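Next up: the structures, one after another.
What follows is chain A paired twice: with chain B in the first complex and chain C in the second.
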Partner chain A sequence: MIDSTLPCCAIKSTVLDGPDYKRCTEGLATSLEANTPFLFSYDLRIDGDEEYVEPYCRVWLEDAGKIRSYFVDEQPDLARTHAPQLFRMLAHYDLREICADRLRQINPRARGETYHVCLSAHGVILTAEHIHTVAADCGKSAAFAAFMPTQLSNHAHLSGLAGLQQCATALLLAQYSVGSRDKYSAVRVQPS
Partner chain B sequence: MSEIKMTCTATPDPVFEDQEFEDATQGLAAEPGEGRPFMISYDLFISKDNDVYCEPDVRAWLEVDDETQVLALGALNAQLARDLAPQAFELLSWDRLRGVCADALRKMIQGSEGETYHVCLSAHGVIIVADNMHSRAYHFGNASVISVLVPASLSHHQALARIAGLQRCVDAILSLEHASNLPGESSVIRVLPA
Partner chain C sequence: MTKPDYADYICPVQETGLLNFEQLDRCTADLASDPEAFAPFAISYDLHLYDGYVFAQPVSRLWQESEGVVHAFRTTERPDLFRHYAPQIFSFLEMEALRDAFWNALNTLLPRGSGELFHACICAHGVILIAEQARWVAMNHSVNPFVGFVPKGLSNHARVAHFAGLKACATALLRAQAIGHDTPLPQVRVEQSRSA
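Right, the complex of A and B next:
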């Protein structure tokens, strides 16, 4: 029987301990609540030694039982409400760098492939724009990766993993809803 | 130290007929002296393989007490960030403009990579300008410093008004460069109609 669960390995990074990360995630819901954003994201591509931002910022939230991602350039009210966090996120160079390094590790063939850098209250999830295709072509571990802060109690760490699990599942579900073939039906966040 | 004395021809481009131009410039002041932002910008740079990439450092340009200031949108300028967010995100995701600016950049610079340019959007058009104008002029020539794009399909009168507006924006950019790097320099860039 084929295992249809994708792994998402969460490693710790001091970049998420600093005040910059807190500023970027201010106001995000810690769990999936109706109409409250739980993720902010932008797109990242790596090309050899360089990483490139595609500045399409999105806000992810649950609306009428469905996970939706809204481009903020099409949603002026969302853009205004979350602007300080979103601009800070786009200019968080340390975060971008660790995400790019991680992408090179999980997918050495990622040249030209677009990934979403998704910031949550619990940590960061990197996920391929085309989850199923990347998992099929480059291996299951190339589809998801995660970062968590280092300065957490055992209880906070477990709670953070649970929060990231909710976010990762939501990202995979959102992909189903845009019509991808559902080869992979689950994602499991696990500590490194 | 180099001095910039040059003319810069404003190139008409149909990209400004996109709805994004109106959306992204909504509320921008026509003049630097109005106390409101008159330009918003982000950065572009050229990679080793001659591709052009976006660096999403979004900034607002405004004049305060006769001085041009450039403020990063983000947590440190939260209210400004909120006020300009719809325009700024529209600008960042305006792919066609980015492509046009990338083409203009490739024409301006030859044989150099890693250099950052600001794409400055005003109510009159776009100014693409080197991050370090004087050093750029010294090493690569005046033509690599600045490029200006204006809407096509304008009457003669409208075109002249746009050029005048862009001239004031260019003067403001130059004044900032003087203030931060080169006291006493008197560089001049004249924007001319095509």
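Right, the complex of A and C next:
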């Protein structure tokens, strides 16, 4: 039987403990609610030892039962509403550094693959721009990764894992189906 | 031979098809066309040169003159301004094809650049790349610390107007680096690029 679940290993990082990360995620919903953003993202391209920021800012929300991502340059109202968080996100060097290091670990042979760096109220999710292709070509564990804060109670930790799993699954389901390779339908977030 | 600090700087301007009038208007909506209007006149983000590569750093700035001083405001300093100009800034950040033109221009300017930082500034008249340490780059690399871009297809009259606007903005951007310098600032001359 084919396993249709992709793994997403969540590791703890002190980078998410500070006030900087909290400021980046102000206003994000903690669960999928209609018309309330639950993720902000930008893109990171990995090519060997080099990483390149691709500053395409997106806001992710549920709209009429579907998960949609909006480029903020095309949505002036979203851009203005969330501008402080989005600019902080783009300028958060420490966050970018841990994301790039992690991507080199999960996909050491990456040659120009683009990942979305997605900030949620529960932590950060890294997901391949082409999830199914990367899972097929580079291995299932190369498609997703996550970070959580270190300073969490047991209850908050479990709640955070569940929240990340909901966001990661939404990201997977939001991707356009690419036919026969489109064989994954869920993400399982696991602590490291 | 080292370029003397007091010589004029030349800003060679390339006409590029990677920037069209619609994009320029979209990215510069509500920006002042004259730096002396005491309103933001340019939006920028950073380009880092490292080992011959050029990396975009999405650290945005808004450039504005006030009380005779040109300021480069960061997000946290003027959140109100950044909220207002957010759509324009995001539009500029997303112009990936134009970034290729920046990389080509900077690789030509400083093929072995490493550690230099340039601001990619868009204003109502076009785009200017200016070294953050303009004098240092000019002195140590014997190059002009500017490159300009305007859309292709300008009429002669429009070209003259755009070049004059770019000159005013390039001069203002350079004046932002004047703090702490006793020597007079070099003049900026805007010229059609020979390689365009």
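Keep in mind that, in the parts below, the second predicted complex is superposed on the first by the 186 of 192 C-alpha atoms of A that agree within 3 Å, B and C clash if a C-alpha of one lies under 4 Å from a C-alpha of the other, contacts with A are read in each partner's own complex, and residues count from 1 in each chain.
We take it that a contact is a pair of C-beta atoms (placed from the backbone, for glycine too) under 8 Å apart; a residue touches a chain by one contact, two chains touch by 3 or more.
Since the structure is predicted, the reported quantities are computational estimates derived from the model, not experimental observations.
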{"item": "Clash or fit (per the criteria above) of chain B with chain C on chain A", "value": "clash"}
{"item": "Which superposed partner A:Ala34 touches (first chain B, second chain C, both, neither)", "value": "neither"}
{"item": "Contacts of A:Phe87 with chain B and chain C, given as first, second, both or neither", "value": "both"}
{"item": "Contacts of A:Ala162 with chain B and chain C, given as first, second, both or neither", "value": "neither"}
{"item": "Interface residues of chain A shared between complexes with chain B and chain C", "value": "42, 50, 52-57, 71-73, 76, 79-80, 83-84, 86-88, 90-91"}
{"item": "Touch list for chain A against partner chain B, complex", "value": "23, 42, 47, 50, 52-57, 71-73, 76, 79-81, 83-88, 90-91"}
{"item": "Residue numbers on chain C that touch chain A, as the complex places them", "value": "45, 53, 55-60, 75, 79, 82-84, 86-87, 89-91, 93-94, 96"}
{"item": "Residues of chain A touching chain C in the complex", "value": "42, 50, 52-57, 71-73, 76, 79-80, 83-84, 86-88, 90-91"}
{"item": "Interfacial residue positions of chain B with respect to chain A in the complex", "value": "42, 47-49, 51, 53-58, 72-75, 78, 81-86, 88-90, 92-93"}
